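What follows is chain A paired twice: with chain B in the first complex and chain C in the second.
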Partner chain A sequence: MTKLLQVQELTISFHQVEVVKNVSFEVEHGEIFGLVGQSGAGKSLTGRAIIRLLPSSAKVTGRILFKGRDLLSLTEKEMRRIRGKEITLIQQDPVASLNPSFKIQDQITDILKLHLKLDNKEAINRAKKLLSEVGVANPEKVLLKYPHQLSGGLCQRVAIAIAFACEPSLVIADEPTTALDVITQGMVINLMKRMQQRYNTSIIFITHDLALASNICSRIAVMKDGRILEVITSSKNILSEANHPYTRTLLSSILTLKR
Partner chain B sequence: MNVLRVINLTKKFAEPKRTFLRKDRSFLTAVERVSFEIGENEVIGIVGESGSGKTTLAKTIVRLYEPDDGRIEFMGVDITHLNQKQLRPLRKDMQIVFQNPYLSLNPRRKIKDIIGDVIKLHKLDKLVSVDEALEIVGLPKSYLNRYPHQLSGGERQRVALARALILRPKLLILDEVTSSLDVITKRAILNLLKDIRKSWNISMLFVSHDLAVVNHISDRVLVMYAGRVVEEGNIEEVINNPLHPYTRALIDSVPDISGNWNPKYVYPEIDSLPVRGCKFSHRCPFAFQKCYISEPTLIQLESNRKVACYLYNEK
Partner chain C sequence: MIVTEKSLRRTSLMDFLSSKKISVSLVVITFFVVAGLTAPYIAPHDPTKQSLDKANLPPIWVEGGDPKYLLGTDSLGRDILSRLLHGASVAFYVSITATCIVSSVGTLLGLLAGYIRGKFDELLMRIIDIWMSFPPVILAIAFISVLGTGINNVVLAIAIVDWTRFTRVVRSEVLATREKDFVATAVTAGFSTNYIIWREIFPNILPLIIVLSTLEMGIAVAVEVLLSFVGLGVKPTTPSWGTMLSDGLLTFRTNPYAFVFPLLATVVVVLSLNLLGEGIREKLDPKLEVIGK
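Entry: the complex of A and B
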């Protein structure tokens, strides 16, 4: 079986400055793949290049093969059929990633009507089901609220519900827990794992937290200054597998409960 | 002498009721009867999830919010009811650094002016210089003529720290200063604070939602939930032997590198706090009848440990 996603020699530059340099990796079906690095390493840009959401000033070269098709060669119209349906994005700031002027209901049903061609009533029912799947206690109430009326954790659950609404093949999770406190982070991580198993979705998990990545990803690519330094193929054994000095620096920076 | 003494501090915010005819206002108690002390050269950590009242507590202590009840004593002086003019000379000794360095630095002013203003305001021109401030936090002098947007998040947080530290405060309040930073920068800032603490006589109040961060720097820790202190103790004791179920959840939420981290104590989110009983009872796996009826108070256990939970009895 072919790989779900193959990124080949991806280079992204802004005004002749290369910020992502010759990055290649593959994502298997049903895998959680980690992209780890400091701020400015180019992790988010790589993620956004895959879903084709980079600003127009970005120059992208290389190939991004998704189910055998090169996403970079698609027209915007063709890309729209994939974006939000087959490849979705969960962003760092859950409150900012939702539209403040629409109710949660409209934001979930929009995508269901557009991609799955559901009518209004079906879409609302499906939205309710999605919200209960992400552990929202009373979906009917939450559907009628605006993003600012919900907590950060709840907004991130809604964002996850939207990301999984059309049973995508690939979810790009860009620092989905960085803006949340530790307890909410635990809940969101558990939830993403559960959704990933239910729909057999692949996830590209972007984070700066190597400890977090080692616990949920099967493989981890460590990025620095726009390059992939190494790919750790068995993240459970990251302590023995990490070879690159930078990965070791990252590992030693992790704060633990031991002194 | 204690640098800071907080006694039964309470802060409420009015919640406007959306009813047309009713004028009575309901209150949200963000901080409820919190008491603690910070000794000389001591670092106290405050942990809790978002909305537990940590930031409100920090801001109320420096009187950025007006307390509704209780007392704040700084260096033996009751500052609870001092007006802003009377407070100003004390502010030099009591500095606060905020979570978001993007918001706490004026984007239209150069670094030298941002720090220089504070020095002028406290009439320290002859004693200290802006260069010295940058030196403390390990930034090169060439940064003096830069604007905040030309710096990275970690560098900006260093500037914010420099602005507070140049006054040589007795008490430094740090409100989630590392939350917006990546692991390596976070570690660097924490190490900087540790070095300063070693060489200066300075006390700190370190607020964070991450127990691992607090563990790195604090001597004692207060665990807050719904505006109340639910557990207090020496940091090592609290981590090795957490008493309150909520503290266990906080410890459980810190991922380790073993690869089998699986947060067990993840409690469901709730819309609103229970009106009666322990505020944590609806999320607590150990709650029994009494927990839903009345609220436990903070009791003293052996060796300087305090906990507010009916699972424990006073000794």
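Entry: the complex of A and C
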């Protein structure tokens, strides 16, 4: 069986300045793959390049093979059929990632109608089911709310529900927990793991938090200055896996509680 | 997280009316609109009927006033009140139709230029740059000279002059909105450009469009008065505040009322429309800055 996603020699440049340099990695079916690095390491750009969300000023070269097809060579129309159905994105700021002018219900049902061709009633039922899957206690009520009426954690649950709505094969989670407090963070991480197992989805988990990544990912690519330094297999003893000095620096900068 | 952005859905009618700017200006505007609409029924006299023996009468509260002519008469003996009422209908007809044209053209072009960008945007912006470097009144006068006078040509001239400002402001708001995360969510959900423009961007710039349209109405009233004043607006026989002003100016020394009342009506209406726009702006988005005017 081929790999779900193969990124080969991906280079992204803005006005002749290379910000992602020759990045290659692979994501297996049903795997949570981590992209870890400081701000400016190019991890978000790499994630966004996969779903082709970069501004038109970005020059992207290399190959992004998704189920054997090169996403970079697809037309915008073909890409639209992949976005939302095969590959989706979860963003950092959960409140801002939802349209402030529409109820949650419209935002979930629109994507169901678009890709699964459900009628209104089916879509509402499916939306309710999705919301209870992501652990929303009273889906009927939440469906009728506007994003600003919900907490950040609840909005992120809704965003996760939208991302998993059409049972995609790949979810790109771009720092989905950075804007949340630690307790909500933990809940969102567990939720993503649960959803990933339920739908056997692969996730590219982008974060600056190596500890968090080692908790959820099976493999982690450490990025710095637009390059992947090493790909480590996450295990209980992540210290023994990390070879590159930069990874060790990252690891040593994880704060520990004083006893 | 503090949500400072406001949208239409979150502001109730009562919330709107609690603003003094909005409630006061709405009362004034409603008064003039109703007066204009019902002018044929409530006006005490025919606005064009001349009676030279009753010329230059002052209002009734001034000595020599005739109780039949509440606000007096002009130099041709036409009833000022009746002319003001009919003039209100001209003013609001021009301002509402011109605003409808300007706001639909401006919104459509602004949305397309701001979202699609590229050569279309580049070309449109250069055309607007050239357009806006003409003094607006001169441009309007030039168009009227070509089109000829008449109420619908005034509407057209206002639309031709003012679409640029509207387009520019809408475009800049679209440029800011398209970078928002929720637009990225819609793009990555696989929605079409059409959907994104009308469902994601348009509803979120609607508050701006409403504010701009209100201000545009004020501008249109003022421009109609100005054009009619210089004889390039409505036909000279149509009772408009602008024609009343130019007629009244001729007899200003002997009969200032024929000039003062239409001037007062114009100022009050334009002021109210600007106040209404300002009030809505404050209610909808405290951060929103209306640029270009």
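Here, the second predicted complex is superposed on the first by the 254 of 259 C-alpha atoms of A that agree within 3 Å, B and C clash if a C-alpha of one lies under 4 Å from a C-alpha of the other, contacts with A are read in each partner's own complex, and residues count from 1 in each chain.
What we mean here is this: a contact is a pair of C-beta atoms (placed from the backbone, for glycine too) under 8 Å apart; a residue touches a chain by one contact, two chains touch by 3 or more.
Everything numeric here is computed off the predicted structure, so don't read it as measured data.
A.B. asks: Regarding the shared-chain residue A:Q38, is it in contact with chain B (first), chain C (second), both, or neither?
C.D. replies: In the superposition, A:Q38 touches chain B alone.
A.B. asks: Examine A:D93 and indicate which partner it touches, taking first as chain B and second as chain C; both and neither are also allowed.
C.D. replies: A:D93 contacts chain C only, not chain B.
A.B. asks: Thinking of the overlay built on chain A, is A:L53 touched by chain B (first), by chain C (second), by both, or by neither?
C.D. replies: second
A.B. asks: Examine A:G186 and indicate which partner it touches, taking first as chain B and second as chain C; both and neither are also allowed.
C.D. replies: Touch partner of A:G186: chain B, not chain C.
A.B. asks: Under the stated touch criterion, which partner chain does A:E9 make contact with: chain B (first), chain C (second), both, or neither?
C.D. replies: Neither: A:E9 stays clear of chain B and chain C.
A.B. asks: With both complexes overlaid on chain A, does A:G152 touch chain B (first), chain C (second), both or neither?
C.D. replies: Both partners, chain B and chain C.
A.B. asks: When the two structures are overlaid on chain A, which partner does A:E78 contact: first (chain B), second (chain C), both, or neither?
C.D. replies: The answer is neither, since A:E78 touches no partner chain.
A.B. asks: In the overlay, answer first, second, both or neither for which of chain B and chain C A:D119 touches.
C.D. replies: Neither partner.
A.B. asks: Where on chain A do the contacts from chain B and from chain C line up?
C.D. replies: Correct list for chain A: 152.
A.B. asks: Please output the residues of chain C touching chain A within their complex, sorted ascending.
C.D. replies: Answer in residue numbers: 1, 3, 5, 7-10, 117, 180-182, 184-192, 199-200, 203-204, 206.
A.B. asks: Sort out for me which residues of chain B touch chain A in the complex.
C.D. replies: Residues in contact with chain A: 49-51, 152-153, 181-187, 190, 209-213, 215-216, 236, 239, 249-257, 259-263, 266-269, 271.
A.B. asks: What part of chain A is in contact with chain C in the complex they form?
C.D. replies: Listed in rising order, the residues are 51, 53, 56, 80-85, 87-89, 91-93, 95-102, 110-111, 114-115, 146, 148, 152, 159, 162, 179.
A.B. asks: Please output the residues of chain A touching chain B within their complex, sorted ascending.
C.D. replies: Residues in contact with chain B: 38-40, 135, 137-138, 151-154, 180-187, 189-190, 208-212, 214-215, 235-239, 249-251, 253-257, 259.
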